[in-house]
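Everything below concerns the one structure shown next.
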């Protein structure tokens, strides 16, 4: 018997209580567009494998994704100059069309395909399907940048009940069928709340939340929703971290048990977070 | 009481046997990309209303669509020169990406949205979702033009059982996740066969099948699958009509009760065909 | 294509929202004995067809019928002199036997048979079956004229759940099994209330309710339950219209969405009322 | 403790294997019109109690009844002269109407009411309901005397599944809705066959089948279907016993486990036959 | 027909309302170890037959048993001197092991086998199975004599739903898996309460409860829970009757409809009590 | 993040295909009495934990156990001299009683309790429960040593469907309720066959099967059922290994996918065998 056996046994035993505890739990995972931007397919394949493992042991993962870099690429190829206001992309009808094509027709497809290499598991959706996400204009002057006005999680619940893995592109529509492009972090939080999820996980390209944005040594392992809300107000959480932090606060306050901001660059960060005693990144508690 | 009443009553009574007969029947409708190509939203809204009416009276519609003109548009905007061989678009990786974005991220979304104005009914899919369509290369030299190698209708059956309306974009994938763009007529026929559909309906921009392609007076109201097979062989059915005719022959031989090639330019052609004694276009019988 | 096609399409489209709205709705229809009294089978066949159409599009019709003229016929053949007090037939044991035979064994059978020409749909019942209607004496001196003391709609709900059409003869029984003959309008109202029906429809041989009983021009298209209650009190609704009006008021107040007094002599009045924008007769609203 | 206790215990223990064996078994009981003809309600009440007891211990009784004497009574009151040919009543349209009214509207109602004194159990039917019995003319010259052309037991199976007790009046109808009056013994046999019944029981006013019709001492306790068929052929079974004997032979050959011709004048003959070791009347075996 | 027939019929009719009333009712029966102590297998076989009869007519029996005499036997064979304190056996680890072996491995097996002679019905359990009974120490100094801290009736409900008969040996365990021996009367009461039983029945070797323990003529046929509680307090119920009486009071106060202390020496006492008008022993009412 | 993380991730990923493949699979585990014989509770606790882990990831374990050493202990304490013939214990009625008490009332209880420390999972059974195992005498002269005549796995299937873990003591009974003590290896094989198990696993106190019984270096990692059958015939598999080997051959030939003879002394041998690429002991293939 190989030398590695004892530690294999120990690791299997360590994972036991987690596997048991999270059986049938809904876990909403936000997978960032940055991870998909490069030409290297390995991170996506590895992420897909992690999602399939969660599913294999009875967890119900829901994947939410953005695709900012990929939208920018196609806009550039079409000769359109991106215009941002307060960090949000000004989105005219043509830009919306491009965003929708990229998110639903490219990024979503790539994730679905990567998962389905392992079996007929993933089904891609946008918020327009079965009226999953009712959206409205975020603010005047930004065009078709949307905000979440309501979530009807019925279609997700049906797919989960069938043992499928929903992959959601963050396009919503209003009652008249007009589409909007919505921030993916915000959507992930809203879906986690409406599904009464066990966990909301953000896979990012940073190590986690810092107490002081400029100090790499100030990584926070654990923070309450109230503390995090204060950090947003005080500006300690800033930039691209704000919608993630707001989604974490909102979801945990709406009953989601735990929210996590993980370093998606660590191989199999998702598995390690869910199934082992090893803590990665920042955990947000009620 | 208005003068119209008696004829209203008569029409309701005429529709009765059809409504009863087709309850719970699966009807696969191929909706052509041409109908969507213009800037006029009316035909799509009218088509969506027809689909919702079929659904309202207990029929289970499945919509399949193409999008050739729209793919051509985006390719042109990106400066790519379309290249055709034997009537099929040579499809390199970049062209495939564009086709997939347009079909899944634009045409499919537009149809889903148009239907969902009436309620949370439509869910968009491509053949990649839950491995609906397993595809392979159509022929060497055409790149990622695909052919249908297998259909797993499970996801469609689940959605239909939930009372939802699947809208299918005709992208398939092989076991390794590589996507292919497939002729929508062919996909419609394959789905109708695998779902044991009652009807397969092609909504086209011609009046129907002609006995003699050049003679407008030779419109055929009814033809058997064997006769149609012979017309394909003899060249009496030619051009873009071939994949439709082949799909009709294959589907009817596989057990689909009726196939129809209708004139989609007639308002509510779908309703008139299904619910009234008025015949429109060409019906293919076993 | 025939000239009639456009208007056929328009009518189908008009019917759409009604068909969708009333799917699975219970509609209680009181069919009067007068309509059956003649030797002409056409009205009954036409009524049966209408009921089957309602059923075909997912509505759950419940038919309630009387049979006054037919009871009178048999009594006369048996040489019994009918005796009325306050408009109600004095009902001794023998008269009750005759009434029960006629209602359950003749009128009910005729309606069931007329419907079942279209398929195995109708099942005849009286209030004695599975204790559907618990009855008591209406008043001393009238003998076995009954009043509704309670309704147990379980058997109706079971038959409706099986996709069947209950046809109810208005005989009830007390706990000891003694039968009573009950006014059919009253029974229709009580069943509609207990089934939480969407509609209660009286098919009569008048045009509807008049504001002034003597003025044919005073037909009311719409009236609230409160207005109608006042009309009963003031005597504006009188004679045979009273039990219908009282049943409408009671049912609407108990939660039935709409009650209708229709002109059953209009061909397919039931279909026109339910599925089109054409209003016939009088509608009673909450 | 009373002296009777040991024998009470012994009886309960005797009944055990029968109660267990017949749980969920369908037992079709033909109840003769003669038993109902007198003015004494006791036999009917006792029969109803027996049916309720069978039902209480998990047996599924189906009651079939005739009503010859009662039909004769009403015909006489209406001044119609009964006319018989080969022992069958010549049945014109008016006679059929009377027969139907009496069977469905009187005898059936009386049995339903007697059972429902014990709870909401019985539901009356005729062969017209949900197309239970498809009938045709028995022979030219007899008018609307019917023969069973087909049985669709679905409605009975549904009612039995709901824990209800069907009570069937032996009127059938053809596809056009024309009613026929059918021999009740024949109907009982046909229903037992179509329901794959455990037992078919005839409650008669004789002791059972005799080997020699004129010898009271020749009562047969047990006979095979083949022996009984021979008795019919040889004339040893004659008169009103023929349709019962034929029904027994047909049912047992079609798979019904046992048929019984019992003396319905013995109090609770049905219970004694089903639940005890005491044999009453004649049992027909395969 | 035999002379006994009328009384057989009368007894079947007497049993009817009871069989109907107790269908699907849970009846918890405590079967005393004394009944099993002798070498005569007849009482056990007779008891098993009664349980099977209850089950056959749709009652859901749960058997609870002790085994004091049998435990004493094995302890004596092993040379252990039994030690009692306040009527309770001082139970060290070795004594517990013996008690558990005897109760679970002998008495329980004998009852299960006796029932299963009639079919695959009985399943033996102890309180350790699926954590049915959570126990703790009864009092310091008594060792592993247990008291009921909690009941999780899930496993019993599952077995009952499958049509099985649970037979429960009264060993419980604490969260760490330590076993305890618990008084069987107490366990029977706790299970009856947790199962919302219709009846709790003690089969004893006395006639019932006496108003005056020394006066055989003071047998009580009926007593309320409050009266019985007072009898315990006043000492009128004493000795081995106390845990039975306390269990009756507790169960009836917790919602069990009736508790009974029967004379198990009367043949088929259980059947007579449940199915006839004959009263045996003492009934405890709310 | 700890250094161990990458290897944790690798192990989780390694376990993925096994966890997915064995979901819902039945795994029958024979746990030897030797492992329980000592005073050390650790091996049992460790085994229980492994069973719970299998269960937690959706595998359906069934535990079968013997208890030879424990039976010998109690027989010795009772002063009975064990008598063996051909390696089988001669079993008179008293010895059977002792064996049954020890197996069902001690060993079985200890295993159930050890598992239930983790939750309400385990339910103990013997072959007598719900007639799981029908047994007969193994051979004249051995008394109540049994052989398996039939298995009715219904009760196991029901418990497995409820998510419970059956723990089976190897006592069977004949139709008259007479108990027999059966070899546990044989029972394990019979249960695996009747349950169409994925795996049959023997946890032993040897390393596995040797090609040459005297040569520790001849451990076989893999062997076909045919090869193993030949080894039994040739005497290469001998002694206590014979019933295990026969059970493996029989089970694999009856459709069980794999049988394993593992070294139960290796900590978590069961987990390592099922979930990792590490092979332990001997695997028997078809």
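Worth pointing out:
We just call them A, B, C, D, E and F in the order they show up, numbering each chain from 1.
Going forward, a contact is a pair of C-beta atoms (placed from the backbone, for glycine too) under 8 Å apart; a residue touches a chain by one contact, two chains touch by 3 or more.
Since we're looking at a predicted model, the values are computed, not measured.
The set of chains in contact with chain C as well as chain E comprises D.
Looking at A-F and A-B side by side, the one with more C-beta contacts is A-B.
Chain centres were defined as the mean of their Cα atoms; on that basis the chain farthest from chain E turns out to be B. Between chain C and chain F the centroid-to-centroid distance comes to 70 Å (mean Cα coordinates, whole Å).
Averaging Cα coordinates per chain places chain B and chain D 58 Å apart. The centroid of the Cα atoms in chain B and the matching centroid in chain C are 46 Å apart.
Residues of chain A in contact with at least two other chains: none. Judged by the touch criterion defined above, the protein chains form a single closed ring in which each chain touches exactly two others.
One closed ring of touching chains is present, and its order from chain A going to chain F first is A, F, E, D, C, B. Those residues of chain A whose C-beta lies close enough to touch chain F in the complex are 1-2, 4-9, 11-13, 15-16, 19-20, 23, 49, 52-53, 56-58, 266-268, 271-272, 275-276, 278, 280.
Listing the residues of chain B that touch chain A in their complex gives 74, 77-78, 97, 100-106, 108-109, 112-114, 116-117, 119-126, 128-131, 152, 154-155, 158, 162, 164, 171, 173, 175-177, 179.
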